[in-house]
Structure formats: structure tokens, C-alpha cells
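Paired with chain B in one complex and with chain C in the other, chain A is shared by the two complexes that follow.
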Partner chain A sequence: MTTTTSALDVRGAYANYQNADVLHGIDLQVEQGMVTALLGANGAGKTTFLRCVLGLMAVHRGEMSAGSVRVLGQDVSRASAQKRIRAGLAVVPEGRRLFADLTIEQNLRIGASTRRDKETSEDVEKMLERFPALRRPKLQAGYLSGGEQQMLAIGRALMARPKILLLDEPSLGLAPLVVDGVFETIASLAADGIGILLVEQNAERALDASSQAVVLQVGKVVRSGASADLADDPVIQESYLGVAS
Partner chain B sequence: MSAVVERPVQRPSRGSGRRRHLGPLLVVAALVVFPFVVSSFWLSVAVFCAIAASGALSLNLLAGYAGQVSVGHAFFIGAGAYVGAYGGQQGWSFPVIVIAAVAIPALVGLLVGPVALRLRELYLAITTLGLVYTGQWLLVAFDGLTGGVSGMATTDLNVFGMDLGVSAYALGLPMTRDVRYYFAALALATIIGFAIFNLARTRPGRAMMAVRDRQVAASVAGVDVTRYKLAAFAISSGMAGATGLLYGSYIGYLVPETFSLELSIAYLAMIIIGGFGSVLGSILGAVLITALPQVLAFLAEYSTFLATDNRADHVAVLLYGSALVLFLLFEPEGLAGIWRRTVSAVRRGRS
Partner chain C sequence: MKFEQLLLAGIVLGAIYGLIAMGFAIIYKATKIVHFAHGAMLPLGAYLVYTFAVRWDQPWVIALIGASAICAAINVLMQKVFARRMMGRPLFAAIMITFGFEILLRAGMNLIWKGKERPIGDPWGSSTVSLGGVTTPEASLWILGMAAVCVAAIFAFFRWSNLGVQMLGTASDQEAALMCGVPVQRTFAVAWAIAGVLAVVAGVSASLFPRTLGPELLALGMRAFPAAILGGLDSVGGAVVGGMIIGIVEVMVAGYLSESAIFGANFSAVSGYMIMIVVLMVRPYGLFGRKEVARV
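What follows is the complex of A and B.
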């Protein structure tokens, strides 16, 4: 594991809110152009793990007390969220978290906040082309449907030209057909060489869409490995896939 | 031949060519003619309205665009006014006075800014409240510089050779002191208005609005929250300083009481009633709040009801208070929102 550099490499992440320990030594890697799924029930620590990766623990009055986060080999364990974005991370937050009063175009441009190049406008055009849901750039984001908002949230994250994309429950609350679209997008982003960390409750779809998977339970990794193997694991089948044994 | 001719569908637009510029041109023409056709009373009201517009715009940048609601605005306006008074006393030239009256409040704003990094919303508002009282205390404590409670005289500004304090004919027009200050105040409000209008369409403006709407989402989209909060405080305070400079110079005499909490509240009322995050709203709110007591005082001359027992003042306060509550409850977009909907309804009706 030490010979190659993973796009995202988290080792021994411990985290706590006030006095409550939430993560107990999590290891997780995301490779370039591959999808890693992070599975677990509510309260397993998935969102806390993402906060650790993004450097947002302090915002939520928590702390990542031990462990390291490396982005493309660069240690960002102590860096601000903004520095981590600049290092190559981007996130599609749970519930989209768009700027509802701002237009589609403004939302996209905010995604490029860490960039210093002059190609932002071209990238905005590319996003408008890539996602037909965004064909009205002057429309306020709040007027978009759930699926369109999800595409805008993905587009906004891509505006940072990330090497690793974190997606927090991207299928939550969306119609089945729209969910298909989201997973197609994830596959095509991976094909473009972006490393993807997919946090999902929909274990079946997530295992199907990923090559590696990590299963959290009460802040600990209980299973990890190739997604295909995990899909056949009886424990996983029983707890997450609803297959009666 | 059928009478029906296929025509391209015309979208209800802003009107094309000349028509589109007609509205703004009429407004400019009216503003230019105004000081020469009204009485000195209304001219003076207009000067205060225009100065208030600058102050409201600068507060709206901080509160409406960047989302940092501050009740410390009076402090920064006062700082600009007192720096201007001091500069005038020392005989500084106009550019030096302007730079000092902008830079010193901006610097203080930058120092206060870090508070906003830790506190939000109500807590930030309460903290900035302390600023107003600190300012009042400083003005009294350093009475050697400020004249303390007995106050300090200001000087008329001399804008690159044009003395705003004299009344003389220029270009064949009666350019009284009030007329000169009127145009100076319009110029300042225009500069600040355009600056904010443009800022909102550039990266810093978008970043500020992102911080306002969703701070955490903004930070993970890569927005430097710290930098833009500080920038909003510094720029807004600098603009407030310029407003204070003009205000102080126009009223001629400064006492600490002028820059009390009441002034901060009045500015907040202007942008709440006018419209958060709107340039037009800031201006409309400033005009309404500033002119309202004067309109009632004017009406009192014709109404024995209003003229008795200072009722005009009481009615002004009553209207102002109830307008504030009603707008907060029913029209969060303020006058700007009402205006926007009226315009689009008229356009729909016409097409």
C-alpha cells in the first residue's frame, strides 16, 4: 500500500465532538479514476468522516484528534478547507447546499473560487453543456427541481477542477430515474480520471457503482475490500441489502 | 391572401433602443433640475436624503450582500465625520482629508472584522452595539481632539478648487451652498452605488453572497470566508467614513450624540424597508426614512392636529416603527421587491 500514492489517503482517523468519540481509527483510500463507496447506517460516522477529510470539524465544534489526511501525497491534516480544495478536493454536500438566491451561473462560478486561471468562463460553458438540466444559467438555483439541483451541485464542485470528488448521499430524495442519471454521471467522472468517494445509504447501487468499499459501524470499519466481494458478504447482504439469509 | 401574417414572437423586453434609456435619462434630468426649482427647505431635505443613501448603501454591502448585520454603522460614519473635522482644522488638502476619512474607518473596520469570524447573526449585532458606545466614550474622553460633549466645528469641503461652502453664480445658475452639497452628495452616492452594483457581479461579490447564504457550503466550495468577511467590513466602513465626512461637513458641527445608536438603527431601518442586498432599495429606503419626518413637519403647517403637542414627530416615529415591523413581516425584499414586481406586472400587462 505504501508504494503507490493514492489520490486520497486517510490513515487512523479519530474524531470526537466535545467528549463523545465518533470515529475510532478509520483507514480509507481513493484511487484516481476509481470509485470508493463508504457505507453505513445513520450515525455510523460517514458525515463526520467527510468533515475530517474536508477540515470542517472545528466548524461543528468537533476535533479530528489523530490520524492523517493526504491529498495526492500532500499532507493536509492541519490545512484549512480552502487549502484542501486547492490541493485537489471538492465536495457535493448532502442536501446539495446550493446558494438558492444566486443564479445557476453564479453558483458555478463560486465553485471556482480557489482557481487563479482565466478559464473559468469556458468551464462554466462546459458545465452548461454537460448538464442539460442547467440550460438556463440566469435562473435562480432555488427554482430548480431536486435532480437539477443535484446536477448543479456536482457542476459547482467540478468547477474547482478536482482530482478527488466527495459525494455525500447524492441519491437522497431523488426519483429513481434521476438517481440513474446521478450514477451515470459518477461513472463518467471516474472515467475522466477523477477519484471518487461515494457516501451512500443505497448500498446496492453504491456497491454496483464502486470498485472498493468501506463499511462503517458505530465509528469503526467493519468491512472493507472489493465491492464485488462485499456484495456477496452474507453480513452485508443481511444488514444493508435487505437479502434474507 | 390571409390577413394573418406570421410574425416573430416578441418577448416582453425592456423596450429597445432609445426607449430603454428614456427612464434613466428622465431620472438624471429630474435630479439635475430639482435643486433649482424647490424651496431651500426641500433642497436641504434632499441633501440629507442623498447623504443617507451613501450610508445605507455602505451598510447594505456589509449586511445585505455579505450577511454581516452590524449595528455599529454610526461608529464608522462618526469616525469619518470626526477625521474630516480634524483634517479641516489642520488645514489638510481635500485629497488628504478624503483618504484619511476613508482609510481610518476602513482600518478600524478591518480590526473589528475578526469578531465576525467568531460570531454570527444576533451575537455579531450585539457585539457591534458595543462599538457605538465605545465610540461615544472615546469622543468624550479625548475631548482635547474632539471637543468632548460640547462638540467640534467642521469646515466646508473644497473639492479640487470648488468650495462647497460658498454661494455664488456658476454657469449662470444660483449655486448656493446647499446646491453644491446636493451635487456632492449625489456624486458620492452614485460612486458608492456603482461600486456596489459592480462588486455584486464579480468574484468578491459572489463570494460575499455565498458566505451570507451558506457559510459552510461556501468554505467547502473554496471561498476564503475570512478574507471576504474582513473585506466586507473594511470596504463598508471606508464607504461609511466617506459618508460621515460629507455629512459632518454639511451639518457644520459635530457632537457625540449625533452618532448614537439611533443613527445605526435608522440605517438598518433604511435597508430593511428598502431591501436587503439591493442598490435601488438602499436608495429608496434612505429617501423614505430621511424625508418622512420632514414631510410630516411640513404637513403640520397645514394641520392643527399634527401641529399640536409635537404630534408630527410622534406620527413620524409611529410610521417608521410600524413600517419596519410590517416590512420585516410581509415584504422581506423591501421597497426594491415591490418595485421589481410592479415593473414586471406592467411589462406583462403591456405585451
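What follows is the complex of A and C.
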């Protein structure tokens, strides 16, 4: 076992909901400034894995029964979601999960909930600057278009000043041109030094955007390695990229 | 002149109802629980103020702060010990639990204060002021003042404080709030604590004017409940508006219709419920409520 220098280091994660076992020993690392893609079909356990990383299994009457989660070397396996976010995590949830009846600004402020410093307002300004779609801070989030909402969800996560960003299906339901924008944003965040875990159904885009990839199938890792190698793997091509063998 | 007199009395009663309804609304908004013991917190708060101010001879401000602290603490305790376990359970079970709290509080008050009427010992006594020809007890102005301060404080809390915004976020999507690192349990506790303080202010106000402090204050919570429903159970602003409407209507009905042969003398007591029913037929989620609010 190597010494852990990864930004996010998950080892041997087992998880279940009541009596249904969902994850069977998942290992996954995310390096700073790199994008790791987590691929798999519906029901493979991708979202459950993210819940394990964030410490939200109990909300769904489940638990991570074994394994460890380390954030920047700090063991957070038993910590609350709040402590994990404070340790350096942030998530852009599937379906964005914005607070639709709150304003853009309020959504961003809630993203900074775990921070104790006084620079939240400056960071709100920075987000409005960074994402032109958000320049109407008093607008209710529910009135934004899908792509704008995705940018707000990313901005809200960045308000926690994360070192590792988890993105759950960020391209889902968005027009191709908008998806381009999302992937550009992901690349620029990685360039800023943030480690990114990208959970995607769109395997082609995800492999293209990532350096490492892990493929889940019914709760087990069936492939992992450099994204470029996986993209050439005939099994992956057939199952996830729609390439006939 | 009678109209102005009644209007002022209605506004004062409406302010009291609004304070009570805000308590129902903030708890419902934050935790989706209808807190039926909220009404019992009114006499409790008032009895505590009496104990501090009259029995222990403390200044009124100290009495208010002391009673508020105790009622906030009792509410937080209820939230932590019982209500928290009821989250996500059937609404019916949660309602039954809060009824249980109500019985407990009532029994406790009977034990301590023997269910007697007490003088609340207000500093304004029976002095009156004249407002544009309408003579009113000075206390009624203080009630309006206290209500205005509470409303302003709560709006400022939701508008500017981090915890207030976090509370709104939690009310909108609890899991998303958790994913943002919002201290969700703290927002619950603070909502209940605020309702406890509101109950003290409302209970004291109701003991000043038009009633006296006694066990019949228990009924006032249920009189104010239509105000919360009318405004939309999850709308704190709607609670204030609903309170005003019900308060003014009740006083007007009592003033103009009490001699009517058709309605009879006590029609005012149900007039609030009548309005509530009519409004709910048109807008099932209240004047300012969100559409998905559950039926109670």
C-alpha cells in the first residue's frame, strides 16, 4: 500500500442500504489538479459512492460498513458531511439541487456555510464575475436556464473553497453546446489545482475530459487506469462508448 | 368613531395573532411540524414574566428576557428530544406528539401556578392615550411596538443572517442543504427557539390587553391558528397578514354583529375559522404559502 498523497483517497468502501449491499470494496483516488472520471451504468453505485465520500449514507438509511475516506490525508471516514466539506470537499449534486425559491446570491451564500472567515461576500462577487450567467444576483435560481443553473450549482460548491470537487452527472439534460461550457469550466477548475471527481453517464466526454478513470459495475470496480487507455479498451468501447466491436 | 375604535382594537388583536401565527409558521417552515403545543407556550411565557416581574420583583426587561430564555430552551428541548425523532414520520404521529407536549405543559403550569389569574404587573397599568380621538390603553401601543420589533427582527434574520438564509435553504431542500454543509440541526433548533420567544411576547401581549393572565390564554393559540393557515403555514410574512385579517374581522364582527339575531353574541369566536375555510377553498395553500404544503 502506497503512502497517501492523493487529495481524495477512498479505500475498500463497502456500503449498503438496510439489507441491500450496493458497494463491494471500492478503491478510488483523486489527485490535485487532475480529473478522475467515475463511469458506470444506472445502478452501478456511482451516486452511492459519492454519498459515502460525503458522509450522507445515513440520510438514505444506509451506511458505509467498511473502508476509509481520506481528504488531503485527513481521515474523515466517520465525520459528518459538514466536517468533510470543511476538510476540503464540495459537491455539485445530480440534478443540481439548487434552492429554487432563493436568489442566486442566497444560493451562493449557503455554499459557504462551513466557512468561518469573513470573505464570503468577496467570494460571491468573484463567482458573479467568473460566471456571467449569474450576474443577476437577486434573481430566483428557479428562473435560470438549465445551463445557468449548472453554473450556479458549480459556483455554490466553489463557495466552500474546496480542494476536491465532486460532480454528479453535470452534463445531464443539457444541450450539447452548454455541455461544452460545463466541461470547459471543469478543465479550468482542474487547472486551478482542484482535484475533480467526475461522475458521468456520458462516457465519451468524461474519458476525454479526465486523465484517470474508474469503471463501476454492480458495485465493483471492473476497470481503472489512464482514461486514454480505457477509451481504447474494446470492452469499454462496446459497453459504454457505443462502438461496435 | 366606533369604527376607528374597533379598527384599532382589531389591529392590536391582529398583532397578537400575528405573533402567535409567526411561531406556528417558523416551526412549520423549518421542520415541517405543526406544533400544537405552541398555544400552551403563551400562558407559560406570561406566567414566567409574572413570576419574574411580580413575585421576584425584577425589572420588566429582565422578566421578558428571562421568560424568553426559558421558553426558547423548553422549545429547543422538545425539538431535540422528541420532535427530531419524528422527522420524516407520518404527519399524524408528529401532531399527536405535539398534542402530548401540550398536555404536559398544561399540567406543569397547573402544578406551579394553580391555574389562577395573576396580575402580570405591567409598567403601564391602566393609563390610556388618545390617538386621533380614539382612546386606547397605553399597553396596546406597547403591544404594537413589540410586535413590530419582532417582525422586523425576523425579517432581518432571514434577509441578512447566514443562519437565516441557511434555514430557508434547509426548508427548500434539506438534503441539498446537507450537501452544502449547512448545520441543519442547528437551523431546526433556532427556529424552535425563535418560536419560544415569540410565544412569550404574544402571551404577555395577550395578558395586557384585552385579557388578563390566566389559563384561558390556552385557547388563544387555537384562535390564532387560522391566521397561520390563512397566511400559508410556511410563510412567516403571511402569518402577520393572516393575523391582522383575523384580528380585525373578529373585532368587527363582535362590534357590529353581536346584537344580531342571526349570528348571536359569540359569532366572532368562529369568524376567523369561517374566513380560513373560505380562503382555503380558493387557495388551498393559503394566501402566501407554497403549493406543496401538506394538508393538516
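Heads up, the rule we're going with is that the second predicted complex is superposed on the first by the 242 of 245 C-alpha atoms of A that agree within 3 Å, B and C clash if a C-alpha of one lies under 4 Å from a C-alpha of the other, contacts with A are read in each partner's own complex, and residues count from 1 in each chain.
In this text, a residue touches a chain if its C-beta (ideal position, glycine included) is under 8 Å from a C-beta of that chain, and two chains touch if they have at least 3 such contacts.
These numbers come from a predicted model, not from an experiment.
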Fit or clash between chain C and chain B when superposed on chain A: clash
Partner chain(s) touched by A:172 [first = chain B, second = chain C, both, neither]: neither
Which of chain B and chain C A:41 touches, first, second, both or neither: neither
First (chain B), second (chain C), both or neither touched by A:222: neither
Chain B versus chain C as contact partner of A:139, first or second or both or neither: neither
Contacts of A:79 with chain B and chain C, given as first, second, both or neither: neither
Chain C-contacting residues of chain A that also contact chain B: 54, 56, 59, 81-82, 85-86, 91, 93, 97-102, 106, 109-111, 113-114, 156-157, 160
Parts of chain A lying in touch with chain C, wherever the complex brings them together: 54, 56, 59, 81-82, 85-86, 91, 93, 97-102, 106-107, 109-111, 113-114, 120, 156-157, 160
Interfacial residue positions of chain A with respect to chain B in the complex: 54, 56, 59, 81-82, 85-86, 90-91, 93, 97-102, 106, 109-114, 156-157, 160
Of all residues in chain B, those that touch chain A in their complex: 203, 206-207, 209-210, 213-214, 216-224
For the chain C and chain A complex, residues of the former touching the latter: 162, 165-166, 168-169, 172-173, 175-183, 290
